[in-house]
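Below is the structure I would like to discuss, written out as structure tokens.
Every chain is named by a letter (A, B and C) in the order it is written, and numbering of its residues begins at 1.
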Amino acid sequence: MAEVKEIRQHKSAVTYLLRFFVIGYLFVLVVWPLSEVVQRTFAPVEPDAAGGFGAFLERLQDPSVTYAFGLTITCAFWAVLINTVFGLGISLLLVRYDFPGRRILSVLIDLPMSVSPVVVGLALVLAYSSGSGWFGEGLESVGIFIIGSTPGMVMATAFVSLPLVIREIIPVLEEIGTDSELAASSLGANAWQTFRRITLPSIKWALAYGVVLSLARSLGEFGAVKIVSPGAEFRGETATLLIQNRYTNYDESSAYAAAFVLVLAAVLALVVVTFIRRPEDRT
Amino acid sequence: MTDVLAPPAGPARTRRPSGGPFRLSTASGIGLGIGLVWFSILVLLPLAAVVGAAAAGGWSAFAGTLTDPQTFAALRLTVVEAVLVTVVNAVIGTVVAWVLVRDDFVGKRLLDVVIDIPFALPTIVAGLVLLSLYGPDSPVGFNIVNTRTGIFLALLFVTLPFVVRTVQPVLLEIEVEAEEAAASLGASRFTTFRRVILPSLVPAITAGSSLGFARAISEFGSLVLISGNTPYRTEVASLKILKFLEGDNQAGAAAVAVLLLLVAVVVIVGLDILSRRVARRG
Amino acid sequence: MSIEISGINKSYGDFVALQDINVSLPTGQLTALLGPSGGGKSTLLRIIAGLDTADSGTITIEGSDATALPPQKRNVGFVFQHYAVFKHMTVAKNVAFGLEIRKRPKAEVTRRVQELLELVHLAQFSHRLPSQLSGGQRQRLALARALAVEPTVLLLDEPFGALDAQVRKELRDWLRRLHDEVNVTTVFVTHDQEEALEVADEIVVINQGRVEQIGTPDQLYDEPANDFVMGFLGEVTTLGGKLIRPHDVEITVMPQHDDAIQGVVSRSLRVGFEARVHVLTDDGEEVSVVLTRSHARHLGLEAGQAVWVRPEPGALAVPSLRAVTA
């Protein structure tokens, strides 16, 4: 019988107290501040700033703002592409193959998510900056500059979102097992055909989920990018860096306009991700 | 229940599938090689460079940096704030998960989505979100800029989902029969919670708290605008690293970074051990 | 009377789970609630325990009205199909739980736990976690935990349903012996008629939310109140429009009796020591007959053979009114 058991239906004063507390807590911590951002995006409190949707769009059309969003999208695109290819490969290897150091690798893969973004940026600087990095001089001699240019920012973005695709795919790969893959190869499919016709269709939702998560994380990366980027207007200033720069330079309305776009992107990602989860839940 | 954009219950784990795993073939061996090279270029070598830079000046230089009063104050503040936030989250996160799983009211699904927002927002935006209500010219007349309360609030915001999202699935899976058994043995609802439900949540609370603690220790983006970065008062570890770096003191930055790195590694390895132990208990 | 159930009704929306249930269960008796899945027997057990509440009707336990009492105050022991042991507690802690809730002195708790673990043969596992026990051991642990508080009644909901056939049989015998030793009023729910016939003093047959019959195993088997009970308690076949047990059909190769019906063997197969013969009568009935192998061989029954079938004298036959679901 599907009905909720009576022991869990019982509602006492404590139930309502907890409910009230949780709603209040989330309202004060998240909902109210968020609504205030929307408010300030369209009705800035700065004395000389214009309000309304038109003014909001105008702020976004400022060349330095479009440059910042363009750079953010470029970095996110490459980081997500790299992470997807790498994530697919490593997940398959970790689940389907046995090799020395397999368990250590599976633990290390998670490390980038837990490392402070500042440490990520610092690590990349210490390895690749042309002045003081381990490999900086060698790269400089062949004309490659990583720190202070777009490749460094792509690397920083890829670093912080590295495990997201892998985390989503691995559990699914484990669950589906190898039976149908073995069946396919016994029917004469080669490795690529097996992957494309058997493995990929069963992990496509998990993969899509991981890609959306990576994209959301990449669009919003701040700390690691801040350290490896020159961070000046039209020179390595991404959307998140722009928000910081404008806010600290008393151009709040631009900061809020850019922030609002990123909030929208985040909410969109949440919605997309909810819809991706659905078909999976149905099975 | 959606666990959108939220941290999974512990790191991704590889269990041995029944059919495999297979030995590496030439093709998969090459694939693994390429993967490892990229992983090393992107992650391992740079992190090694941090450890190298911290160790370059020897133990005394390393210890000297960390015991410098200003650095030490930043580290202490970071740890104290992280511990406080973790304790609050362990309690409130469990309560939130409880309400989301056990209670039923209009708008509950919306609340479930709200939990994910702090995680989905870029960190700098998270800082801005809090400042819009609790910053200068705050409509509620409450300015948190350059205060320890501000740091606390920012950390509370960005770590909100950790405990909630690790406890929620475990709470969903608790058998109703165990609670009924406790009731028919005479246990009150509170006793049942304390002695039957809570103990089964402890591993999840621990896992979520550890993840939250690691995040709080290393948090940067949301604090940039809020913490005024005043030495001895509102300067935290990650901002201290930035300050070292801007002052061209890479050894100093690396020394603090190594500490943060260590916390991250300890948490990850600890969670790995915890999840294996829980899996064994069944 | 230990438990007095009167006028119990329970519906879930449009679905009527129980309809006007009246049952008395005497002290010290082992009663089986028998019936097909979804017939309402588990719901009745849960209502006795206070885990579900009836829409109307009363439950009296040991003379006092328990209808409105919460499960905590009914002093019943409940054993679930899937054990519901506390996974994070050791075997001994599980058994001690109810006693600790009742704030019994430490020494008494220790002694009682030891006694019970010996009773269920788990004394050597007292420091293990439930995950280290087999299914049968977990169920014995659940039983010990329920018995620890000296309940007025012990209620078991499909207690052996999750176990494999071998263990189920062992535990069934063991439950009977345990009951004779402890002598607590016991009610257990099962959909397995063999289990009920073997273990119970009295059986309550419940189907579609109604009590079909109450009686001892012999009464139910020999004098079923209706075709449902007859069909549920054993194999049946139809002969001359009546339900009859296949081993009660007399089969001959010559027309020896006036009341015998003629037919043709459509199929004959051997199952272990018995033979199973299907006869298609001239009336178009498909009768199944069970006889010993030697008897079948003696008669030389093969497909196509003309035969005569009739109920053995004194055989039980019940008019077939509705479809048999068993």
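Heads up, the rule we're going with is that a contact is a pair of C-beta atoms (placed from the backbone, for glycine too) under 8 Å apart; a residue touches a chain by one contact, two chains touch by 3 or more.
All figures in this text were calculated on a predicted structure; none of them were measured in a lab.
Taking the CA centroid of chain A as reference, the farthest chain centroid is that of C. Here the chain pair with the top count of touching C-beta pairs is A-B. Legend note: the chain whose CA centroid lies nearest the centroid of all displayed protein CA atoms is B. Annotation: 57 Å between the Cα-based centres of chain A and chain C.
Separation between the centroids of chain A and chain B, computed from CA atoms only, is 16 Å.
One finds 53 Å separating the Cα centroids of chain B and chain C. Taken residue by residue, chain B touches two or more other chains at 180, 183, whereas all remaining positions touch fewer.
Residues of chain A in contact with at least two other chains: 5, 7. Under the contact definition stated at the top, the residues of chain C that touch 2 or more other chains are 51, 71. Those residues of chain C whose C-beta lies close enough to touch chain B in the complex are 49-51, 70-78, 80, 82, 84-89, 97-98, 101-102, 129, 131, 142, 145-146, 149.
Contacts from chain B toward chain C in the complex involve residues 175, 177-178, 180-188, 191, 195-196, 199-200, 202, 280-282.
Within the complex formed with chain B, the residues of chain A that make contact are 5, 7-8, 10, 12, 15, 18-19, 21-23, 25-26, 29-34, 36-37, 39-40, 45, 82, 86, 89-90, 93-99, 102-103, 105-112, 114-120, 122-128, 132-135, 155, 158-159, 162-163, 166-167, 170-171, 174, 177-179, 182, 191, 213, 216, 219-223, 226-227, 240, 243-244, 247-248, 255-256, 259, 262-263, 266-267, 269-270, 273-274, 277.
Contacts from chain A toward chain C in the complex involve residues 1, 3, 5-7.
Those residues of chain B whose C-beta lies close enough to touch chain A in the complex are 2, 4-5, 8, 11-15, 17-24, 27-28, 31-32, 34-36, 38-39, 42-50, 52-53, 92, 95-96, 98-100, 102-103, 105, 111, 113-118, 120-125, 128-134, 137, 139, 153, 156-157, 160, 176, 179-180, 183, 189, 211, 214-215, 217-221, 224-225, 237-238, 241-242, 245, 250, 253-254, 257, 260-261, 264-265, 267-269, 272.
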